[in-house]
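Next come two complexes built around chain A: one with chain B, the other with chain C.
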Partner chain A sequence: MREERYEAVMGLEVHVQLSTKSKIFCGCSTKFGAEANTKTCPVCLGLPGALPVLNREVLHRAIKVGLALDCRTAKMMKFDRKNYFYPDLPKDFQISQYDLPLAANGRLGILTDGKERTVRIKRVHLEEDAGKLIHMEDEDASLVDFNRTGMPLLEIVSEPDISSPEEAYDYLTQLKTILKYLEVSDCNMEEGSLRCDANISIRPKGQVELGVKTELKNMNTFKGVKNALQYEIKRQGEVLDEGGTIKQETRLWDEAKGRTSPMRTKEEAFDYRYFPEPDLVPFIIDKELVESIRKGLPELPRRRLERFIEDYKLPPAAASLLVNEKEVADYFEDAAGIYKKDAKVVANWITGDIQGELNKRSLSIKELGIKPNDLADMIKMIDEGSITGKIAKGLLADMVETKMNPRKIVESKGLLQIKDKGELDKILYEVIKANPKPVIDYKNGKVNVLTFLVGQVMKATKGKANPKMVNDLLRERMDKL
Partner chain B sequence: MKKNIDVDYIANLARIKLEKKESSDFSSQLGDIISFVEKLNKVDTKDTPPTTHPLPLMNVFREDKVKESLPAEKALSNAPDKKYSFFKVPKVIEEA
Partner chain C sequence: MPEDFYRFTAHEIKRFISNDETTPVEVTASISDRIEEVNSRVNAIISFDRNDVKEELRRTKDKRAGKLFGIPVAVKDNICIEGRQVTCGSRILKGFRPPYDATVIEKLKKEGAILLGRANMDEFAFGSSCETSSYGPTNNPWDFDRIPGGSSGGSAAAVAAGEATMALGSDTGGSIRQPASLCGVVGLKPTYGRVSRYGLIAFASSLDQIGPITKDVRDCALLLNVIAGYDPKDSTSVDMKVPDYSKSLVNDVKGIKIGIPREYFIEGIDREVKESVINSVKLLERLGAKYEEVSLPHTEYAVGTYYIIAPAEASSNLARFDGVQYGLRKPGNLIDMYKNTRSVGFGSEVKRRIILGTYVLSSGYYDAYYLKALGVRTKIKEDFDKIFKDFDCIITPTAPTAAFKIGEKVDDPISMYLSDIFTIPANLAGIPGISIPCGFTKGDLPIGLQILAKPFNEETLLRVAYTFEKNSKLCGRRPNL
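And then the complex of A and B:
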């Protein structure tokens, strides 16, 4: 098998848009979805004489990310010009960082197939985003919207420590989780606030020297990244098997066709001729600033996972599901703080039925609208015996629909559990009368028909009876027959 | 020592069209300039800190406040061509 002959070496470049109010070097708004070219100014349009000035908040957020990724923050950083011609770049250069990036030498722990791995982070640097091109269908022209130029971007470059598409996927998921915890970006791939390119090469197993790599672009989802890498491993393997050589090139992923193809571009040589950006002064990042940002770091997912397992006695799988999304983890802690009896029960509801509702409706937990207090109330009602577990499941959907407290819903819909023996007895009588054959079977020793009869009672009560109680009563009654 | 500069390559990167004569003239002139500047390589800079910026200024920031942007008509006022509120350019496409 080819997969066993070769091993893949991958590195990822992630661009994340920092969600500040204004752009990186000017006061234009970063709001998404504005009408084309209404969020520009002389600075981000690159008009002569305009001077860029760094947004302080951008630097602070970037330092935060660097620290969370265990990077060394630079004592001094500067900006450089990366020169190339493209119509989405009004100045014909991009302000980026070349030899003195903001942070370097970090790492990110990932868990793939139960195995822990560390991916080293090579560097984290700041740059400005370019504009957006729309290609016209009916004309040989492209339209440019410069609203996105000058949006603050952080580029996070990994070392080539990733050895499978699954690891790449986990790296991205973990990175996104951390960025969300840090509240520095909304990480919305659809709006382009999180983008990923990949470098990939393969080599015969055991070979130390790296193979020729290709760069993959145009993946719009994490799953797309995984699929593109899978495709590329196979493609490169086939080229080598046929005695060919891999060409160092940029390839575009086509999600619909499920394949990569070389990018056609007019720029034959990418020679960026970096040089220091004379319009921006260098930055000394002092220790006190870094330390104060470090102190303000939130609890990161790794640490939180450990705490959930230890403090709430959750199984690792459940804890990990909860921790993956900060909002969900916060929600769990709020609900578990109200329903203190058993955090595991709370976790089960969240990772089970609530997660199901979230997936079904593609909503975030905040949008779902079940307050932690309402979930706790619902669980308490099961404990008190006022509703059955079965009713609770349907009740959850009602809570989503009505945004009401479960007690109110149960009252108004009459879903309270039938605890009155007399009332239940009447229903049992009807069921026994209507099912003479199973009753005879039972009397003849076929005890398993009891399940059927319990089911009939549950149906008749619309799930409002306690199955165990029904079971016991049925037995009692039929034994007397 | 005189450097030989690939002027055609540089001209292409800078999107400048050169005549053959210009190309050879500039090659020689650029070579002279580089050789001249290369004298600096002979200076001992062991104890000289690298200069990252000629101004003795550091850490100039602006606060994260939104300022009013230009109206689209103004932003587009120098555009050779436009459509709706977009700049219109010859088609450039990065595709497979």
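And then the complex of A and C:
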């Protein structure tokens, strides 16, 4: 009912930590997980007198992201100070970008329930991250770890073009895919290298004017974003249904309780007193630099999907599965380049059994350790008839365990298909001898007991026999009885 | 051979040392004795330790080839020296020992300078009288009842009183030139970007410059030669070749065109100061220079503009003194810690400027104050650009009066602010300026003359100043202590 009365309007703010070697304004390492306060210097500690200097690699990566999102790169950008007091912010201001962001006016295409949509990107800007507070459990005190201070962040702000939590989820997935393709960020939500806040309002269907929005924070997974938005649509709908009004406020998502609760109202919002950062001069962004970065852009997921369908003749669903993860798509192309006979077979193995292994072990395809060449070899062995499809499935698990080439595993374990008729005959003889009743049944016309007997042979050979061959031979032998 | 080295200039001491007529040990002993003799009356030096001197002599032993080998230099208390306390004359930084050297300090160390005592200053460089320091006021060596000017009052008084051979100051609105003028020494504010600000505890980042305070113009060129230059650690420093400033020390102003801005000879300016400056210009005319009255029409807005921009930047720069990481901490919960630390740690002038700066940056006021001030700042710069198309330099009084009495303006901030009325425009425009002694009042107080030139044209300043110094016969006059 409610879903029919109201429509939701959503926009997302995504913070991405760029995976440069050093921080945004100093030479400190960005390595995650180092001992507290060891990756710091006077600049990122905000010591009196220390000054920021922009890391050029950060700028280049940010331009790259802007271009991949079809943004217009600014000819001139500057940094601004966002002033607020907090113990994790050593200067008590954050260097960010206010009115002249690095890039603006872009777009991102998403596919939700088979429908294509475009979400406009409002702006992409650079800023420094803050430190991390650790609240002591047994003491009334908090500690600060400044290792994260000055990590390069890219904030990507969408226009309010998202109309359902599912679209929000797809937007995030697609954005992450692109960022992974660009190799600019680890996009690891657990380590905080990708964070997302959401703005959401609802309005009666058909109304042009936007409703009052709330800002949602503290979602730690893409699913969390979806759930928080679903909750908030419901909550706002209930408030309106009861004749209430929505307060403009920031709300925190509680994953465990599955609900949002107020954090601060608009009146309590900080006045950040933005003004141009006087320690960093405005940057003129060279046209040639932008062009050279544009030329260096990798093939992006959308284009790759088209190419997979066209060049490899893959069904769209399989192609899409492969393309979503750059590593997987690269792996597919490597394997399909070695096993050229049928790319679909390669795709099936990857999206099927290999994906299964990945999920089971929660590993990335690189970590799984099956080389594209090994996968291709395994498929070739099936073609050659050296192994059966059934053996192949088990073999894959062995390959993961041993990291060995399938041919070597098959040899050492004696998994080669039994092709020698004499050898098979001996086994058949044993099976017939051991199962007099089914044999009599067969002779009496119960032809379907053959399946049982084939099964017995397969069992006796541990799957190494070719089922069709066994079937044919059995029939031949028994007809002669 | 003399033993009272405190009377001599750096270039004279250099000559004595290179002729093996004396050693850094003897020179520093003379200065150290002098500090112990007079500092209780002058209070120019706020921290002095003979052990530090020994350490400095050890450190500089092998720097014989250095441009400042064996020269005792006093450093304003807002420039970081590794391991030595730096407080900006404030309680809030008590005990803070930076783990790094300012770039100018690195340069001084490389050239064999002896880093002597810390020079007193107005708290956080907010002031024109050196009265707001938590170490108590500095007294003018020419008259102990009078102020030495500020904020680099300690640096200027130390050089005038022989407590240092030369000194480093910083100038945001006149803080080098005005005290130099009031103490009868030479002070130069370089072009914005000429000297690295890395390690200078910021007051107003877009206006601050470090510069020399010396006994004569030759020493000024000598110290500027050491500290000038591009620094990759300061994004606002300019990558331009640094000339050898000693080459500008020529006794010749033939053909030099001097502009005399009528807006600087207004009502309220002391009659003796005015006469002294006019007579000085006439002397330069006799030496071959030409002068003409010019107009800098936006001069009257300079002080107002400055007191928006400088406090705005300061309010943000000083936010970091919050009790979290270093310096003073007054306990309490988070908010109380902030409040208590800053209430106790900052003096009243600092609080006044923080509140002023916070106000002008606040949402709703930003456009009316800060943005407007930036616009006027551009107009002021354009005034200078226009004049420098036709003139080599501009000559004005450095300050409207000679040194005033201690306590005279403490409770009248506006009248205090107006003592920088002639020096502020150069900071807003980013142009270089020098103050040199040009006469004495009947009460035997020094009067200073300010020379301004276009950006990166310190050479003209030094040439005109040197010629004037050589011909005015004022040089070498020192207060009797």
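The rule is short, and it goes like this: the second predicted complex is superposed on the first by the 454 of 481 C-alpha atoms of A that agree within 3 Å, B and C clash if a C-alpha of one lies under 4 Å from a C-alpha of the other, contacts with A are read in each partner's own complex, and residues count from 1 in each chain.
The rule we apply is simple: contacts are C-beta pairs under 8 Å (C-beta built on N, C-alpha and C of every residue); 3 or more make two chains touch, one makes a residue touch a chain.
Remember, predicted model here, so these are calculated numbers, not experimental data.
J.: On the A-aligned overlay, A:P316 touches which partner chain: chain B = first, chain C = second, or both, or neither?
T.: neither
J.: Go through the superposed model and pick first if A:V144 touches only chain B, second if only chain C, both, or neither.
T.: both
J.: With both complexes superposed on chain A, which partner does A:G296 reach: first (chain B), second (chain C), both or neither?
T.: In the superposed model, A:G296 contacts neither chain B nor chain C.
J.: Is A:N37 touching anything from chain B or chain C once the two structures are fitted on A? First, second, both or neither.
T.: In the superposition, A:N37 contacts chain B only.
J.: Looking at chain A, does chain B or chain C touch a larger number of its residues?
T.: B
J.: Based on the superposed arrangement, let me know which partner A:P278 touches: chain B (first), chain C (second), both, or neither?
T.: both
J.: Who does A:G258 touch here: chain B (first), chain C (second), both, or neither?
T.: After superposition on chain A, A:G258 lies in contact with neither partner.
J.: When the two structures are overlaid on chain A, which partner does A:A50 contact: first (chain B), second (chain C), both, or neither?
T.: second
J.: Touching chain B and also chain C: which chain A residues?
T.: 42, 45, 53-54, 83, 85, 87, 144, 271, 273, 278, 280-281.
J.: Residues of chain A touching chain B in their complex?
T.: 20-22, 26-29, 35-42, 45, 53-59, 76, 78, 83, 85-87, 100, 133-136, 139-146, 251-252, 254, 260-266, 269, 271, 273, 276, 278, 280-284
J.: Where on chain B is chain A touching in the complex?
T.: 9, 13, 15, 52-55, 57-72, 75-76, 81, 83-96
J.: Which stretch or stretches of chain A touch chain C in the complex?
T.: These residues of chain A touch chain C: 42, 45-54, 81, 83, 85, 87, 90-93, 144, 271, 273-275, 278-281.
J.: Using the touch definition from the top, list the residues of chain C that touch chain A in their complex.
T.: Residue list for chain C touching chain A: 78-80, 86, 88, 93, 96, 98-100, 102, 197-202, 204-206, 232-236, 312-313, 315-316, 319-322, 324-326, 334, 338, 358, 361-363, 366, 370.
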